[in-house]
Structure formats: C-alpha cells, structure tokens
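Below, chain A partners chain B and then partners chain C, in two separate complexes.
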Partner chain A sequence: MTAVADDCCVTPAPRFGTRKAVLIVAALAAAGLAAVIVFALLSGDAGVVTNFRARLAAPSLFHPFGTDALGRDMLARTLKGLALSFRVGLFAATASTVIALVLALVAAGGPRWADAIVAYLVDMTMGLPHLVLLILISFAFGGGANAVIIAVALTHWPRLTRILRAEILQLRQAEYVTISRNFGKSPLHIARHHFAPHLIPQMLVGLVLMFPHAILHEAGLTFLGFGIEPTTPAIGVLLSESLRYLTAGKWWLGLFPGLALLIAVLAFDAIGNGLRTLTDPRGSQS
Partner chain B sequence: MTIWTRFVAIRFLRLALLLAGVAVVAFALAKLSPVDPVTAYLGPNIAKVGPEQRALIAARWGLDQPVTVQFLHWLSNLVSGDFGWSATYNAPVTAVIGSRVAASAALMGLAWLLSGVIGFSLGVIAATFQGGWCDRIIRVYAYVLASTPTFWIAILLLMGFSVALGWTPVCCAAPIGLLPGEATLLQRLHHLILPLVALSILGISQIALHTRAKMIDILESDFATYARAQGASRLDVALRHGARNAALPAITVLFASLGELFGGSILAEQVFAYPGLGSATIEAGVRGDVPLLLAIAMGTTLFVSVGNTIADILYVVADPRIDLASDAALREIGP
Partner chain C sequence: MLEARDISFRYGPRDPLVVQGFDLAIGPGEVVGLAGPSGRGKSTIGRLLARHLRPTAGAVTVNGAQPPARGFNPVQFLSQTPIFAANPRWTVGRIVGEAWTPDADTVHGLGVRPAWFDRFPHELSGGELQRITILRALAPGLRYLIADEITSMLDPLAQAEIWKALLGLVKQRAIGLLAISHDAHLLGRVADRVVTV
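Our next item is the complex of A and B:
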C-alpha cells in the first residue's frame, strides 16, 4: 500500500547545507554516540548505587542532570539508558535488515506468487498500528527485555524490503547486467560484481536509518511498562519514573533523559543522511 | 465493469484478505504467549483456587480444545459481533470499547484535523518563501519534532502548562470526582487541550514537510513559471494554483498515517491518564487480557487499513497518470 507512513516519526530529512556540512555533522554525531557507549562501558556502577543523602537533588555542577528518588546520578543513568537503547537498536536494525534483504530477494527473484506473498506480508505488517503490533509481539514473548528486542526486530523491515526489491528489479533489467549475462558470466559473478555494489550501500543506509525508529519504539514500549525491568536504567523506564514526581516539580527527571534520546535520534539520522550523501552520486552536486 | 470499480473492488478484496491474515497472526501471537490466561484472570486470587477449579475454568473457556477449534470459535464469534469478555474491566469487550471509543475519537479526530490544517498551511508557507527565514524556522521545527518521541512532548507539556503554570489539569478526561458524563463541554475541552497538542505536533510536522516538498515541485513546474511570467507573485501562484494541487497528496498522507495517530494516542493517553482506547490497549497488554487485546488489534487494523486503502485510491485520483488497468500483485502506488 502506501509507503508514506511506514513507521513513526522520521520523515525524509530536508537537506541542510552542503555535502561537506552534512558529512561533518555525521562525523560529529558518530563521535558523540561512540562517547556514550565508551562511557557506559567504563562507568562501572555509577548511576546504580543509591545515595539517600542526595535524593531528588536539582541539577548542580556535581550532578548535571540531578538525582532521582534514590539519589542516583541521572546523568549516568541517562547515558546507560542510551547505551542500552543502542544495543537494542543495533540488534533490531541488523535483524530487520537481514529480513528485508531475504524477503526482497525472494520477491524480486522468485516466482510471481512469492512476490505476491511478500507484498501481502508488507501490507499486513503495515496494516496494524505499529505500536499495537509491538505490544502484541512483546506479549507473545512474555515481556522482558528480550521480548522488546524481538518485537522491535520483527517489525522494522517493510520499508527497506520495498526499497531493496525495487532496486533489485531495476538492476535485473539494467543493460550491463544483460550484457554480462550474454557474455556467459555466472550468476555468482553477476551477483558479486553488479548487484552487491548497488545493494550494500542501500542496505547500510537503510540499517542506520532504521536505528532511530528502533530506539524510539524501544523507549515507547518500555515507557508503557512492557519489557525491560524497572531496575535497569533504560530511557523509557526513566521517563516513566519521572511521571511520579512530575507534580512535585522535579522537572529534571523528565527533561534530560528525553532530550538525550532526541539528540541520539537526530544523531543517527544525521549519520544516515551522511552515509546516503556519500553513497548516492546524485546527491553530490548539492 | 469499469476500470474504476474493478480497481476499488480489488482494493477492498485485498483489505478483506489482510484482515483475515491479521486475525490469524494476532491469534497465534496471543496463543504463543507464556502468560496463562487463567492465571492472568485470577490475579491475586490464585491462592484460593485449586487445580481442579483451574481446569474447570479452562474447560469453561474452551482452553482444552485444539488451537484450530479455539481459533474458529473465536472467529465465528467475532463475525457475529461477540468479542468476548474482558477480565480486566469485568465487562464485555464491546462495552469496554464502546465506553472509550468516544473519548479516543474526539482526541484523534481533532488531532487529525489540526495536523492537516496547520501542517498544510505551514508547508505552503515554507514552500512559498523557500530559503527565507520563515522556511528555515518551519523546516527546523518540523524536522526536529518529527524525531521527538510523542510521550516526551506530552511530559514536557505537562511540566510546563499543568505543573509550572497551572493552566491545564494534570490528568484524565474530566475533573476528578466527576463522572465523565457529568462534566460540562468546557471542562472536557479543558482536559483535552494538552493531549490534543501533544498528539498534533507529530502530525503537523509530517504534513508540513510533505506539503513543502510537493509545493516546491509545483512552483518549479512549467505552468507556475508561465503564471509568474504573466506577472503573478510567488504567493499568488502558490495559493491559486499550488494549494489545490498539493492538497490531495497531503490528504493522502493524512489517511495513510492513521496507524501512527493511534500509536501516538496510546502514548499520549498513558501520560495524561486519558481514558480512551489507548489506555485500554496498555491495560490489556500488561494484564494479559487476550480478548480485549485481540479485539483492539482487529479494530485498529480495520481502521488503519481502511485509511491506507482510501489513501491508495486518493493517490490515483490525485495523479491521473497512474494506469489503473495494470494492477499487478505488488503495485506500489504511493509517494
């Protein structure tokens, strides 16, 4: 059906600035995201240890994001939550990309009925509201972190499937592929030398652009109380906890984790657009 | 049969097939769940119930039958309008949904209209003054907000307007202590404002970005150049020629984004404790209320798929160049 509203939230980004600027922004974004991961790996138990003498402290130099009801540092918790989101996002996006590639190959290369079945699967996945499907799948797998990861991994492939399928169909009809075939090149040779160079960049861009969706959906599901245990610092858990102290005016509990999530999502978007600029020859003149 | 009736008929046939498929998948997913429906139903009362009684309940619900029999039974009940019993709300599923659908419809319907009207206007303005400061502001606004999680926007709105300024209520659809039926229209609107704003923000940015792109295409087309050559200003062309051409694609996007709208309403209703279908969905999912969850899944699929089908049809209306007769299995109509 329609391809406009596959998923939530991220619409094709308008181009800001020149190619060089896009690439610089993408590089900065990648560095920032890497810093978050490094912090989460090295920080040990920061953000997990409680300190009852510093409960619900407002942001200060020592605790830039404030502390929560158990005196835990919100900055550390936010960064750990982000790192968790990245892990979920990486796994889910990779799984969805693999699903998309397999289905696209089947649809474009197989018989007509296989194409119809893939089309039907795409329509079905997009016919349910994404969040309802996520809730159903995480319920089916009994909740918990793994159920959330499975749910996010199983639902993000339709858009990329369509893109890859269209690309494969176009490639198959390309003249140089026909010529190559007439010269007696093996299918493996054609796949390696003609198909892969086109498909791999598309897949990479698709993978990175899937990240923001996956992360937002993971946070949304966790926020609603599905999945990740309340003790784990995840962005969704932090935001859902913040609701309890909202009326008491503890604004930092809700503001910073969400802001960090937004920045991370924009960063992944910037990296995806940077990759697309790098790989798409049509974009090079801008 | 004309090409048109055939085209529409095929679309609706696909819709029916789709619903059947979703019914199978949703039922299978619910069956796959390790959550035992009897345990979920009993809750804390589980200590008072022995294994014999559990077996009785399971038999009463038909849980001892093979899965296919259960599925066919459920499906035939569904077709005859019986959606089962919701253990969470201790009422028939139809009654639960019926009591909540009005609140959700008000929230989603208004949000849908607002995103359409405001988003379209912003898109037209941005395209008309392309490259100007107005365009920049709208673009950055739309781009950033399109990536912002709805529930975080909702939390920020609550912090700002309800807690800090005290202009709007903190929760619910009516003042606490009043039954929803007793609240006046004004009170209800007062409680609706924040969820509505939270839900509209996402839609607005999407429609604005889409309309802007379409409008720029139109303003660069030959007839726009011709009109400009005759002395019309860019704004003239945008309003007299562009708006009508860009409206149908925008409406198409609106129809195609009903799924996101419902997803957003689930999140917004959770933050504002707004008693609509979204909060029922969460309750059903968290407590393992399978009949309610399945009914909502089927209902929303119908809602979203009808929207997608309308979007498909509108897209053909908007672009007469699309050839209706060649309706292949995987026709990708759509932007």
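Our next item is the complex of A and C:
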C-alpha cells in the first residue's frame, strides 16, 4: 500500500484562509446592498419632499450628505437612486443572462450555421462602441427606466454567451459525460447532474458581475440625458444635477452619490468573486 | 464473447481511416493484450469496443448481439488520464455511485480508502483516482473491460498493485479484459495472449 495518512487523520483542521475572507467580504457586501433596498422601500417621501429653508446645506448631523438646491436630503436621494440602480441592474442583468444562455445553447447545440450566426452577433455587438449602442437603443425606446433596462440588456450578453458556449462545448466532449452515457444514464440525467452544476455557477457569477456594468451604464446614460427622467432620484440624475453647483463649491452634491455608486459597484464585484469561490471545488483548499 | 468484426473508423468524412478492417474476440475471463506503436489506433479501437465511438464500418457485438443503445453497457472503458473521467464538481463518492454502490470487498480489494469518497477528484493522486475509476467500472453489469494504458503514468509500485488487484477481480468475476499498452513487458505479465496492430 502506498503511504497515505491513516483514515482517522484526513479531515483537515478548520482554517481561516483566503476563501473564508472572500466569503465574509461578499456577505458584508450583500448585507450592505440589502440595507439600501430596505431603506428605499421603507423611506416613503424622504428625499422627494422639498424644504426651501434648508437649501444647499452642507453635510451636518441632520443631513449627513447635505441637501440639494430644493432642500431635499441627499442621503435619502442617494439611497433611493442606488435602489433604483439595483432594480435596473437586476432586470437588465437577468434579461442579458437569459439571452446569453439561449444563444449559447443554440450555438453549442444547434447546427454549424447557427453557431456561425451567434458568433457573428457576438462579434458585431462587441465590435460596436458600447456607449453609442446604449444611447441609440435607449433613445429608440423613448428614454426612461424601461428603455435603460432594454438598452443594457441588449448590449451585455456577448461576453457571457462566449463563456457559456465554450463551457457547453467542453461538457459535450467531456469524457465523464461519455462514460455517464455508457452507464445508461438518460440525456435528462446528464443535463441535470453533469451540465447544470457547471453552467449554473457560471451563469450566476456572470449575472452578478454584470450588475456593476449595468449600474454604471444606467448612471452613465442618465448622466448624459438619455436615461431615466430627471424627476426620479437616480444616481445619474444626481450626478448630472451636481455639475451645475460644483463650481459654486457645493461638493457634497457630487461626491456622495459618486462615492455611493463606486462602493455599490465594488460590493457587487465582491459578491461575484465570493460566489465564484463558493462554487468552485478547487477553492475548497485555500 | 466480445467481438469486433471487420471494424473501420475515421474521425471525419474526409479524414483517413484510423482503424481499417480490425477483428478481435475476447472471451469471458480472458485477458488480451493490445500492443503496437503510437498512432496505430489502439486507443481508438478501445473506444470503439466500449461504444465511446461508433465504427464507420463493421460491428461490435457482445454474445453475438449489439449491446442495447440504452442501459448499462457491458463493455466499459478506462483511460490513461482518470482526471478527465471524473466530473470535477462531484465528490468521489458520487462519482463511483453513478455506476453502482460498491461492496466492501471490491473497495478493499482495489486499495480504495472510504475516506476518499468525501473528497473531490483533484484532491486525490493519479493512482488513487485511477483506482476510483476502476472501482466505478466494476458495476454488476460489467462483462468486458478495456484498460487503455491505465498505469502508464504511475510509478512501478502503484502499477503492480493496481494490476494485481484488477487481475484478481477480473478472474473472480470472469470479466474479459483488453489491456492496451506500449509496454511489452507488462503485457507479457498480465495478458493470456497479445494482439499487435
């Protein structure tokens, strides 16, 4: 017998490794994002009601993020803007993931010409300047939150399509899939037990990592005036309004919403990385 | 009797024939060696016998009939690189369990430790994982086993251990074995007769 430690001793001692650290960061990020959504749901009129006696007030205990030109609390507006961004991000990223999955299945499972068409669509969408395409689509659908969702959804699928297509092709060729078939397992069994455990984590990670893109593009489109209407508290709206007051020294109008957006984007990245770590069996040792 | 009758195979319609008019018969409990230089289609023949590939011409039969298209194939294939034969996201216990629930004797006979069952394939060594794929293939429905260079990447000690265990089980259960290898010395030791391509 080759030298192997006795069976009693193979259970590794619990360690605090990079894996655990990544997961804790991801959990904290998720909790923070959930808190923003809960606040936005419960806050009612906060951030929408005007108060002309407290116009352009600098950050204070009562208004930690200051107030805007109409005396509205910037903290409430920022949080509401973030919550709206999350909603746009969620719908857009989900729609994009569905598009990616369908196209990947068609490309990997269909005839060769279908694969060629999907490859052409991917190359075309990736080859066009992102922002121009976003502006055109959003403009064509008449602006507003729905148009932004459609625009983001229609432009963010190519990368994930490529990843999923490659994954499916690899799985179809995989030796363990052939062996499973040789054990008499049905195509449904193979799809459920061999394909899904590989594809679902890829999809989830792809979805979560698409979030920050979606949010940034939503803010970008809105900032440029092609997105969400100016009456809605959205991060892009806040940033574009702040431009007018920055030269007058009202720094808090731009700084806090911008910072909040940055933190939210980083938080989604952290969650995406955490999810990847969690679903990869190779990470179980680190 | 596992028989290949005049089988030929090409990978694509315009590709050359890799296997041309090959005949082979393996009886229950018989150990046949398949030798030959690289690139002569030894592995392809193995995969054709185990239905990993379909012959372009000719037929593979078990007891005179083609094995049913569905259900457990009585002919199973073991490859040189067991890591590709195991789903990396499954634990070893689940990997073996896909074919059957092995009895303690077989597990012990192959030198497999029950503690491995909770690990993932990448957490086992090549030799350990090869024992696992052999264990998995030894399901009750198995009649013929194709062993394609299964120990060529292992050290001599592990090689000897695996062959000793496998030959014992094969004789005991009257399983026909095709051992594919470059190693004439090894085939001389394990095979009843050797076919050269």
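Following the convention adopted for this analysis, the second predicted complex is superposed on the first by the 263 of 286 C-alpha atoms of A that agree within 3 Å, B and C clash if a C-alpha of one lies under 4 Å from a C-alpha of the other, contacts with A are read in each partner's own complex, and residues count from 1 in each chain.
Note that in this section a contact is a pair of C-beta atoms (placed from the backbone, for glycine too) under 8 Å apart; a residue touches a chain by one contact, two chains touch by 3 or more.
Everything numeric here is computed off the predicted structure, so don't read it as measured data.
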Residue contacts on chain A - larger count, chain B or chain C: B
Which superposed partner A:187 touches (first chain B, second chain C, both, neither): neither
Touching partner for A:178 - first (chain B), second (chain C), both, neither: second
Residues of chain A contacting chain B in one complex and chain C in the other: 1-2, 4, 7, 10
Complex contacts: residues of chain A adjacent to chain B: 1-5, 7-14, 16, 107, 112, 115-116, 118-120, 123-124, 126-133, 135-143, 162, 165-166, 212, 216, 219-220, 223-226, 239, 242-243, 246-247, 249, 251, 254-255, 258, 261-262, 265-266, 269
Of all residues in chain B, those that touch chain A in their complex: 14, 17-18, 21-22, 25-26, 29-30, 32-35, 139, 142-144, 146-152, 155-156, 158-159, 163-164, 170, 202, 205-206, 209-210, 212-213, 252-253, 256-260, 262-264, 266-267, 270-271, 281-282, 285-286, 288, 293, 296-297, 300-301, 304-305, 308-309, 311-312, 315, 329-330, 332-335
Touching residues (chain side chain C, partner chain A) in the complex: 50-52, 70-73, 76-77, 79, 84-90, 95, 98-99, 111, 113-115, 120, 122-123, 127-128, 139, 157-158, 161
Residues on chain A engaged by chain C in the complex (per definition of touch): 1-2, 4, 7, 10, 174-176, 178-180, 182-186, 193-194, 197-198, 281-282, 284-285
